[in-house]
Every structure is written in structure tokens, then in C-alpha cells.
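The next part holds the structures, each set out as C-alpha cells.
In the two complexes below, chain A is the common chain; its partner is chain B in one and chain C in the other.
Coming up: the complex of A and B.
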């Protein structure tokens, strides 16, 4: 299986605090890669380095065989890498529909015409069709004209995932997609992920291990900025080092 | 009193022209931009320079001055502001304040330190409730309203406008849509610079041009942005007009305290906001 996204000795140092330390991480074609670890272990920092929001202190990030270590975030998205955030990131001042219009407009072509650049709008049929199918996928058709700030947290999470999907990524990074959701909402998000996961490789950070253990093909565990264990979930979750950092010294039964 | 109100709305209109760029710059880029005052003053001096060369035509000279300020605004954004994204606010204050000082000295060097008068383009006054009102001031007040409506249209109906509104919510989120947020910031920054220049030009016949005019208005414009809410477009409009009225009405009864009262209002708003939070 081909590696789509890889890092080599990736390190991020925040004024003395090494948040990510010499990490070799990879996401492979057609696979779901889970990333777990205690709070503050460097998972989100690693995702920020992968998506280009942080520049690494050391090491490299390669995407689709190209070194993207110094490539800005928006170019990585154009290359096919999308992500969501731990704290849901949607545009509260816009309507649900406008959120999707911004993600569906194909700017690479729009920018060739100054008029389109200024006035391209959701009235264009191809954009409107894309927006509608995104809404249908996450069941938010009836909320299209609502201002996003009025949505529940669960609906915002669904919208955020719909936005990421509409970017048609080859790699999607989900940062704790289940955080802050009710059991019912968790069920909806998990079944959405099952529905769409065949379309791309997926990297997923999650604390609710039981909810994703069936979903992931490979599981990586981070602690103190390093990947301490990786492999198939069953084995990884039985690793004594992993059990110690997650459940404490006493729990070594598997 | 009505005279003070019209004067207040005139000042408020000018403050709106100057503040809107500051408000968007802070809202999207989280940068406090003192260089805005430099562009404001420089634009007015460009205007004064062009005016006699175009036969005293106010509109053409204003357009030329705005056109001349565009590369200045662009250069400030491209070479100074863009390097400050994500850095500590202190760096932005030091770098942009340095630009303001450099600009002020450049103006003194090129145009001298003596304030320069600009003739009012519409020399018509009308009488209303026993008071005399220059038509020019009414035109300025109305132009702020037109600008407010125009900007609303721009931010609601154009793709760039929606992207900037989205960036006010979350600029990292906009990058994660595959959009080069810097390009949109540049456009909006230059737009803000042009509006500041226009504000300066409209104000010049009322106040005269002097090398420190950028310093004087900048602090009050910051108060407008803070009271209106950083990045809040409607809030900036209302706050500019309200603080313009505060200046005019305080000035009528206690002229020494006119500017101070602006900061008193700002302090009250800040206390109220922190209390509410």
C-alpha cells in the first residue's frame, strides 16, 4: 500500500517544550489511521504540522511523494489534504449554505476571470449542486439558510465534516470528531465516516477509543511528543507501555 | 445644538472612513496598524500636490491621490504587515509605529511643517432652524452612509467579501478551505488604505493638512474600533458616528475635553464589556 502522507523525524519545539519529537508517521492509501494518546501528548500539534498551520523545527512532511514541509496550508488543501479541528471550525457569521459555497467554489479556475473572482456565487448550478449534495450527505438540507451560529454543536460538527468532504481530499485528517457530542450524535458521525471512508485515506485523532477501534486499520499512540507504539489496534491496545500511559501502572491485563 | 449634531456626524463620517480599514485589519489579521495614520496623511499631501496640477478639480485630484496611495498601502501590507502575521502584538505596534514616524518625517521633509489649507469644494451653506450649515458637511455625512451601504453590499454579495467575513470568524479555517488568505487580506488592506485617504481628503478642507494629522486621528480611530468591536463592520459605523457626536457635543460645552471624552466613553465600554464577559 502506497504512503500518501509521511513525516521524517518531525519535530516541533515551542521555546524549549518539545511538543512533537522525531516523529515518523504515515497515512497509507485506503487505510484509516488512528492516533491516540493522553492530553498534551502532541497529537494536535502533529496534525497542525501535517496541515501546514505550524512549521516544524526539524524534519520533513511529504504528501503524494512531494516534500511539502514549507508549503502553506491552502496549497496543501489544493493538493488534496483536508482537515477538521478539535474545537469545531465553521464560519459562524455565514449561513450553512455559504459555508459550503466557499468550500465548493473551485478557486483555481475562478481566479482566471476578475468578474468571477468577485461575483462567482451560489447561483451557479454546478456549485449549487455540489452544495446540495454535501448538505444531503450530512442531513442538513433543512438548515441551509440558517446562520451557522444558530446550529447545535453536533450539527456544526456535521457541517465541518461536510465542508472538509466537499474539498474532495485524498487524505482527510479528523481531529477529535466525536469530542463534545452526545451518544446519538456520535453514532451519526461514526456512521457518516463509515459511509465516506472508502473515498480517501483517513487520519483520525480520538479519545473515545472504543468508538473508533472498529474503524481504524492502524493505530498509533503518542506520549510526550513521541510515537510509542503503532500497529493493528488489537495489538497496540494490549501493549504494556500503552496500557500504562492510558490506564496507569495497575492495569496490565489484556 | 443641531449645528453641533451636523458637525458631529461630519467628524463621525471621517472617523468611519479611517476606522473601517483598521477594524478589518485587526479583525482578520490581529494586527494593530499604526501605519494607517501615515497612509491617511500621505494621501492628503498627494491630494494637495495634485490639486493645482488638475486645475483645482477636487474629484480628479482625490482620485489621483487614492491611486497614488494604493502602491504605498500594498507595499506596507506586503513587506511589513505580512511578516507580522501570527507574531506578538508588540512587534506589530513597534513596526507600524516606526512607519508612522518615518512617514511623518518624510512629509515634513518633502512638504514642510507649515499646515496647508484646502479650499472647501462646495462653498454653499444653507440655513436651518436659524443656524448656517455648510452643504459640504452634509455631503460628507451622507457619503459615510453610502460607504456603509456599499461595504455591506461588498461584504454580503461578493466572493471576496464572504471570504473576508469568514476570515473574521476564523482565518485558519479559511486557509483550510484551500484559499490563500493573504491575497484577500492584501485586497482588503489596500481597500482600507484607500478609504482612509478618502477620509483624509474629505476632512482636509475642514481641518487643514499638517504632518501630524495621521497621529491625531489615529488614536481616536482606535477608540472607534474598540468601542465598535474589532472586526465588527456595523459596530464600527455606529461607534464612529456616536463618537463623532461625543466630540462635537462635548466640544460645544467644554472644548478642552472633547478628545478626552472619547477615551472616557471607550473606558466605559471596555469596563462594561469585561463586566459582561
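Coming up: the complex of A and C.
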């Protein structure tokens, strides 16, 4: 299986604090890679380095075989890397529909004339079809014309995922997609992920391990900026080092 | 219930005809102002409204507050004036020269300023405006006659005679409606969605794969060109220009107008433009140091009316329709 996204000895320093320390991480084609670890262990920072929000202090990031360490975020997205954020990030001041136009339109601009881009209505048919299928995927049809700030946190999370999916990624990075959701909403997001995961390689950070353990093919555990263990979930979760940093000394199962 | 047709029906923006309806309302509004304010002032106000609209695109829609928009107004004024004196007296060609001149300056400086945000953006624009003011007022005194000002060389062309106040009114009204129409289409287009999203969270837009720099640069250039358009209309209409048209202090005017009207709302920019000009004109003749009142008004807006006049109208309309539906509900209950 080919590596789509890899890091080599990736390091990020924040004024003395080593948030990510000599990490070799990889996301392989056709796989779901889980990333877990205690609070402050550097998971989000690692995703920020992968997606280009931060530039690393040391080490490199390769995507689809090219070194993207110095490539700005928007180019990485154009190459096929999409992400969501730990705190949901959608455009509150736009309508749900406009949010989807924003993410879908980029694929239309290559073929369409400048005139269309500047003056087309966002209801035009070819744009509308794409947005419509995004809406249907996450079941937000009835909210299409609502201003996004009126949505519940769970609906915003669904919208954020729909936006990421409409970028047609080959690698999708989800940072704690289940955090802050009700059990019902968690069920919806998980089944959405099951529905679409065959289309791309997925990297997912999640504290609620039980919710994703079925989903994940490979699991990595971070602690103090390092990856301390990786492998099949069943094995990793039984590793004594992992059990210690995650659950303290107690031992059950395994 | 949620068929595709239903969803599409509910999606704003509303039908195409609405833009033309709004244009008719705006035209009627300015015609109705003539008996109240005298035609020459209404024409003057409409030019200012075009300038306010150009500023609203930059500030209201893209969220970039500039203290240097007057530079592009002034560039339009001087480029068209100098063109009419040295190249051709044709009014339309002079306009073209003014708009192009402003667009070129905005495109060139935009490459620098658009990389900045917030205070550095505002102040760098102010700095460029200051430089432009000195170039016009002192450095190129030989060509511009500095503080003394200079008469434009534009001459009547066919029926285009700007000393005819009826013609001038119609001509300026046409360009105001044109600007309004273009900006309505632009801000509702996919491009408009991009610049509005840049206002809310530019970094997030980058994570959708957009090179935000180019969109900001295009918007800055369009905004500068429209300010230049307002400038060329001043040249044609006033026929005598001086460095006040490019004075950095005047940057408070479009800022006030757009804040009064409600940033990010094209009707707001027009209403705010008119209201600001009326206040400036009438208050300054009746009240000494009228700027006090302006300052007080700004405080009211900043503290209570963030959305300006447009937001106020929306709140008012909401309250009225609430009342009405309450009354209807009460009436229904008594039957």
C-alpha cells in the first residue's frame, strides 16, 4: 500500500516547548489512520504541520511523493488534502448554501469563463447540483437558506465535513470530529464517515476511542510530542506504555 | 417536503428582477430629492454615493478598512483632468483615462497593501494617500498648479454638456445605477461569496484551496477603479480641481457614510452617503463646529447600531412585523 502522506523527523518548537518531537507519521492509501493521545500531546499541532498552518522547526512533510514542507495551505488543498478543525470552523455569516457554493465552486472555475465567476448567480444549475448533493449527503436540505450561525454545533460539524468532502480530497484529516456532540449526533457523524471513507485515505484524531476503534485500520498514540506506539488498534490498546499514559496504572481487559 | 425545487426556491439571492426594481427605487429616490435639495446638490451627492459604494466593497464586503481610499478618487480626478488638458477634450475618453489611472495605481499598490491586515493595512493606505497628496500638491506643481488648482479641459461633446444640470444629473445617475448594478451582481456571485468569507475568516478560506491574495487584490483594484470613476465624474461636473480632492483627511467621509448606512449593504452605502452629505451641508451652515455632532453620531453607531441605518431598518421592520403578527394572533383568538 502506497504512502500518501508522510513526515520525516517532524519537529515543532513553541519557545522551548517541543509540541511535536521527531515524528515519523504516515497515512496510507485506502486506510483509516487513527491518532490518539492525552491532552496537549501534540496531535492537533501535528495536523497543523501536515496541512501547512504551521511550518515545522525541523523535518519534512511529503504528500503524494512531493516535499510540501514549504508549500502554502491552499496549494496543499488543491493537491488533494482537506481538513476540519477541532473547534468547528465554518462561515457563520454566510448561509449554509453559500458555504457549500464556496467549497464547490473552485472545481468549476477552471472550465468556466471569468464572466460566470464574477457575475453568475450562486443558484446556477451546475453549481447548484454539486451543492445539492453535498446537502443531501449530510441531510441539511431544510437548512439550505439558514444563516449558518443559527445551526446547532452538531449541524455545523456535519456542514464542515460536507465542505471538506466537496473539496474532493485524496487525504482527509479530521480533528476530533465527535467532540462536543450528543450521542445521537455522534452516531450520525460516524455513519457518514463509514459511508464516504472508501473515497480517500482518512486521518482522524479522537478522544472517544470506543467510537472509532471499529473504523480505524491503524492506530498511532502520541505522548509528549512523540509517537509512542503504532499498529493495529487491538494490539496498540493493549500496549502497557499506552495503557499507562492513557488510563493510568489500572489494568483490565487484554 | 424538502424536494430539490423547494430547497432551490428558498435560497437567496432572490430573483433577477429584484435588482432592476431596486434600481428604479434608487432612481426615484434621487429624483424625489431634487425639489428638497436642489438638483446640483443631488448630483454632487450621487457622485459621493459612488465613492461610498467603492469603499463599501472594500470595507463592508471584504472587511478591509482603508484610510486611503481618497487616493483613488484623487487619481481619477487628476488623471482625467490632465488627460483632458493634454490629450483629448472628449469627456468619455477623459473618464476612461481617469478610471484606468486609478485602477493601475490601485493594482500596483494593491500588490503591497493587500498582504496586510487591520491597522497595518489601514495605515499603509493612509501613507500612500499622503504621498499621492504631496506628489499632486507639491512635487508636480508645474503640471497640477499645486494648491491653486486647475481647470479641466473637458469640452461638451455632442449632447454631452455638463453645464446643463439636467444632463449632468442623468449622466451621474446612470453611473450610480451602473455601479449599483455591477456591485449587486458581483457581491452575489461566487466571487462575492469568496470576498465575504475572507472578511469572516481569511485563513479558513485558504483551507478551501483559495489563494486569497489574488481575490483580495482583484477586489482592491475594482474598488480603486470605482473610486476613480467617482473622481472622473467630479472632474466633468465641477470642472475645477484642487488637491482637496486627494487630501488624506477626507478619508473620514466614506468611512462615516458607510458606517452610518451599514457596512456590507449597498443600499446602506447609498443612504449613508446621502445622509452624510446632507448633514455635512446643512449642519455646517447652521451649527458651528458640526463635527461634534458627527462624532456623537459615530459613538451611537459604534455602541448601539453596529449595522448602521440598514441594521436599524431591519430591527424596526422585525419589530413591526412582530407587532402585526401578535395583533393578528390576538384577533384570531377573540373570534
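One rule holds for everything that comes next: the second predicted complex is superposed on the first by the 239 of 254 C-alpha atoms of A that agree within 3 Å, B and C clash if a C-alpha of one lies under 4 Å from a C-alpha of the other, contacts with A are read in each partner's own complex, and residues count from 1 in each chain.
One rule holds for everything that comes next: contacts are C-beta pairs under 8 Å (C-beta built on N, C-alpha and C of every residue); 3 or more make two chains touch, one makes a residue touch a chain.
Worth saying up front: this structure is predicted, and the values here are computed from it rather than measured.
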item	value
Clash or fit (per the criteria above) of chain B with chain C on chain A	clash
Which of chain B and chain C A:89 touches, first, second, both or neither	both
Which superposed partner A:21 touches (first chain B, second chain C, both, neither)	neither
Partner chain(s) touched by A:97 [first = chain B, second = chain C, both, neither]	second
Chain B versus chain C as contact partner of A:41, first or second or both or neither	neither
First, second, both or neither for A:69, with chain B first and chain C second	neither
Partner chain in contact with A:167 - chain B first, chain C second, else both or neither	both
Partner chain(s) touched by A:135 [first = chain B, second = chain C, both, neither]	second
Chain C region in steric overlap with chain B, selected from 8-16, 62-70, 170-178 or 314-322	62-70
Common ground on chain A, meaning residues reached by chain C in one complex and by chain B in the other	51, 53, 72-74, 77-78, 82-83, 89, 91-94, 98, 101-103, 105, 117-121, 163, 167
Chain C partner contacts - residues on chain A that touch it in the complex	51, 53, 72-74, 77-78, 82-83, 89, 91-95, 97-98, 101-103, 105-106, 108-109, 117-123, 127-128, 132, 135, 141-142, 144-145, 163, 167
Chain B residues touching chain A - in the complex, by the definition given at the top	157-160, 162-163, 165-166, 168-170, 172-181
For the chain A and chain B complex, residues of the former touching the latter	51-53, 72-75, 77-78, 82-83, 85, 89-94, 98-99, 101-103, 105, 107, 110, 117-121, 163-164, 167
Residues of chain C touching chain A in the complex	1-2, 4, 7-8, 10-13, 16, 185-186, 188-191, 193-194, 196-197, 199-201, 203-212
